[in-house]
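Shared between the two complexes below is chain A, which pairs with chain B and chain C, respectively.
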Partner chain A sequence: MSSATSTGSTVGVLARQEIRNYLRHKLFWFGAALVLVVDVVMVLHLDDDPSSSGSYMIAPAALLGVLGVVVMFGLTRRSDRAAEAAGVVAVPERTRTLALAGATVVPFALALVSFVAAVVAWNVHPPADYVVPPGVSDTFVYAQMFGDGVLCAVGGPLLGLLLARYLPRRGVAAVASVVLVLVTILLQGGLFPGGQPYRVFWFRTYFLSQSIEGGPGQHHFTTFPGNPYIWIGYLVVVCALGLVLAVRHDPDADRATLDKVAGGLVVAAVALGVLAMTVGFTTSIVHPAVCPTC
Partner chain B sequence: MTTTARLAGAWKTFGGVPAVHPTSIELRPGVVGLLGPNGAGKTTLLRLLSTALAPSGGRIEVTGLDVTASHANRVQARRRIGYCPQEVVYPRGMTAVSFLDYIAVLKEWKNAASRAAEVRRVLDLVHLGDRGAMKVSKLSGGQRRRLAIAQALIGRPDLLILDEPTTGLDPEQRASLRGLLSGLAGTVLTSTHQTEDVSAMCDRVLVIDDGAIRFDGTVPELIATAAGRVHLGPSACAGAVQTWKTGTGLVRSVGGQPAPDSCVVDPSVEDAYLLLRSAGRTRQGVT
Partner chain C sequence: MIRYAVKGVPWTRVALGAGLVVLLIELVRWNPWVLWPLQGTAVGLLAGTAGWCFDETSAVVVDVTPRSLAWRTAARTPAVLALGLVWCGAVAHAGDEALFGRSASVLVEGFAALAAGSAYAGWRRAWGEPTPGLLLAAAAVPATAAWALVRPFDARLPVFPYGTSSAAAWTASTAGWVTLGVLAVAVLAAALTDAPWWRCCCRTCRRAGPASTPATSNTATCRSRPSSTGGRGRA
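Showing the complex of A and B:
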């Protein structure tokens, strides 16, 4: 075979292609456009939200993360079909998997812009006095924003990649997206009063919300138990575990080594998850002031 | 002449059922046709040679590399193999160029400029140079088939394996493909049901039936096996393998006892193939 002039690694070249494919995906554009609209509303404080940008990171989580499950699932199936069309190629599946994972830089970058915008908005238009309970720092809020928004925007596409590797069937990504949203709703802080520390295992977790106890006109803002700093570490490890498992799908991969790495990541995830539940606030902190606008 | 690929007692079973019996063949530069009925093991044999499928036993070498020995050898061999599967499901939303460009990356063409030039080259080879910007879904069946062949041609492989490449091509496209394949420098192994393709372009022909190679030789040698066994006359020969009325009103009989007033005619590859198949069925006790 004639020599193909070498420029960079194959995974790098392939990752650039997948990044372009991600950027061209219509569903990504739909989500990205809405995220940017939300960013503008947030930064300009057009809705006069008393909690400032505290809850805005749901936009990248839903519009880049949840939709990213579908986007990445589709890109992975497309890559698989191309490889199948070629019959045999020198580049293994794991290289394509890594390149696809590299394309998560797209939602990551956009979510990072949203995160920076949220931090700016938090400082330019600070939350009302009755929003953040005493003892809760700005960095606590930033940590939950980062985990809720930026890491979920990456985690969604990685979940799509993992599903496409192990369950490459039509509709799987859509069903997974619906399940993600439903479980997230069920695990909202206010709906889960008895076991609030334990819901921190979930990928999008509310740390700051309105208490619904006390009836109308009696609502208080509440910070739920859990440690968002450690929770970020937990999310990063879960994302890494998803990637390792996706790479492991390649029958020619070094599965013995990958199994050891996956095992280590599972241990780390469990440890960080338990720590995120038990270190930091162990009970809800209810703001003493009643929310006059709730 | 150097050997491009070699099967040494290679065999394959699926769930205990043999798909390819222990087979030993050597492939050298030239066009080799693989004939056989549906389910004979053609695709399995091609997939074994392409390294897409691991044999249940035996050894397979491609360009001197024992692909059954190690994964590294398989990867090395894949760099020198072009394979066009029988059925290709294309990725959605891609144009012909973007599809080939992606495949070229998977074949380790890392430099964008040389990759683009290679994609243009193979598109021109299959006469799709003016369809590069079209979505694959908008191409006709024949054009999609040619696109599948184009991807196999990327990188000028030493061993080109084509699984029924002429399916869906019109006579002009088939003739064009013959011209292309016969002009290639390396080894081409192509399975087909079109016996005229074999007689038109193949240096060598393999006939596979029931997972075993029944014939291995040149086209004239294959035709010679039917010499004196094909007749043309007013009526069919008794016991003929196949008979049909020709456009002249006379009946062509392949095999069987010569009918009165019939005369021997020159056999074709198809006649020889039909007789080989008949012999195979007789061997298996099938009538």
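Showing the complex of A and C:
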């Protein structure tokens, strides 16, 4: 009991320290400041966006998620350097990993605020008539917003933690951010005919956006195949898997148990990904009206 | 000089950056309307990779050798020139049509990014920081990628204009990038030539006191700092 209490309190103390470190990181300031300004612009509808806040959650995803990869990579490397300098390992790596993961509460909280702002903006300044195809509910859009914004803002730092554990080399975080953006754009949906249903296995994608067909002034808003509700579950499981793999890096961790947990999470992720592709929303719903501003 | 450049420049990382830049621009060429954020990402990557070229992991040893920082920077410059050539080739291959008829502006963005990355690295190296490029890349690459994705305040602050952006927005963007490039070249020149005003402009000097102050300990701190940290490292 004393051991468990001691470990728990150590994680808590370290997590609070890592939260402070995350809050002090200048790259987080940069992203957070831009997200908040974009929040204000969106809620006050200063940009007159006809799609309201439908595609807004790219802001927390990019400015908290992509930048979070680098922020968390840096914090993890700093934690490792401090541990190496200390010599004798007072705090095991898995405890520091859990504490670092606890710092993701910072981007999560800010992204959650942005999500609430986006929902408010969606209701206060509804989108134009040609944006939401018939039969598509508001909760469908909210699910996309939550997955694309809040969970990506958490997933980015967790990816940075994972990279720092397994690929602690110079420049890895910068290159990873480029690759992350590259793959995300290729899998945003609508790039290829058929709506790329397999894209739900990626960390970020769209379920409601503009069609690829036609040129400027000829696009329609459309849904892409995939169930955003189940996709949220998939993202949560992937985040949990990332955390388990990060903890598993510690040679002193109980790897047999962690392997079983990771295996279960992989099975769950694959199952949820397949379900997100096949349940409910298997075809695109195209809005009959043309988007005049696309 | 060539031997130093061969051993000093992190060629693997530079080649990786150049390869990614070509890949990003080729994807933009394939579908500019959808993949345009990759253009801004490529520009950020150029800045970060240019900074990498000047990282000196053995600064503690190298900075006290007779070769000046200007000599070492000149030796590493071919790597930046190679990046510039790669950028020219990628933009030329993409063609004017794929770049919304604005290939010249896109070219300027890349060159300004190269200059900015080099200037930042040169400036920080002059003050003894061994690997400023690594820090620059870690901040600038994801930040520009995120900016290119979100394009916040695009109507008023067109950093990476799009196909639907107005001619005025493209002109304003190009003017901004040219300004950045000119400022970067000035900063780099000041850092490498140890310009007299240079030491008085840095924050460290302001804290320690102006360089023109008559012989005091503050002046000594101001003038000796670069050498003591190995930045300029003249014999």
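Methods note: the second predicted complex is superposed on the first by the 282 of 294 C-alpha atoms of A that agree within 3 Å, B and C clash if a C-alpha of one lies under 4 Å from a C-alpha of the other, contacts with A are read in each partner's own complex, and residues count from 1 in each chain.
Here, contacts are C-beta pairs under 8 Å (C-beta built on N, C-alpha and C of every residue); 3 or more make two chains touch, one makes a residue touch a chain.
Source: prediction; values computed, not measured.
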item: Partner chain(s) touched by A:Val70 [first = chain B, second = chain C, both, neither]; value: second
item: Contacts of A:Val13 with chain B and chain C, given as first, second, both or neither; value: first
item: First, second, both or neither for A:Ala62, with chain B first and chain C second; value: second
item: Touched partner set for A:Val175, first chain B, second chain C, both or neither; value: second
item: On chain A, the residue positions that both chain B and chain C contact, one per complex; value: 74
item: Residue ranges of chain C in contact with chain A within the complex; value: 10, 13, 16-17, 20, 23-24, 27, 31, 34-35, 37-38, 41, 45, 48, 52, 131, 134, 137-139, 141-143, 145-146, 148-150, 152-153, 155, 163-164
item: Of all residues in chain A, those that touch chain B in their complex; value: 1-2, 4-10, 13-14, 17, 74, 77-79, 81-92, 96, 252
item: Residue ranges of chain A in contact with chain C within the complex; value: 26-27, 30-31, 34, 37-38, 41, 47, 58-59, 62-63, 66-67, 69-70, 73-74, 170-171, 173-175, 177-178, 181-182, 185-186, 188, 190-191, 212, 216
item: Residues on chain B engaged by chain A in the complex (per definition of touch); value: 47, 50-52, 71, 75, 78-81, 83-85, 88-94, 99, 101-115, 118, 148, 151-152, 155-158, 161
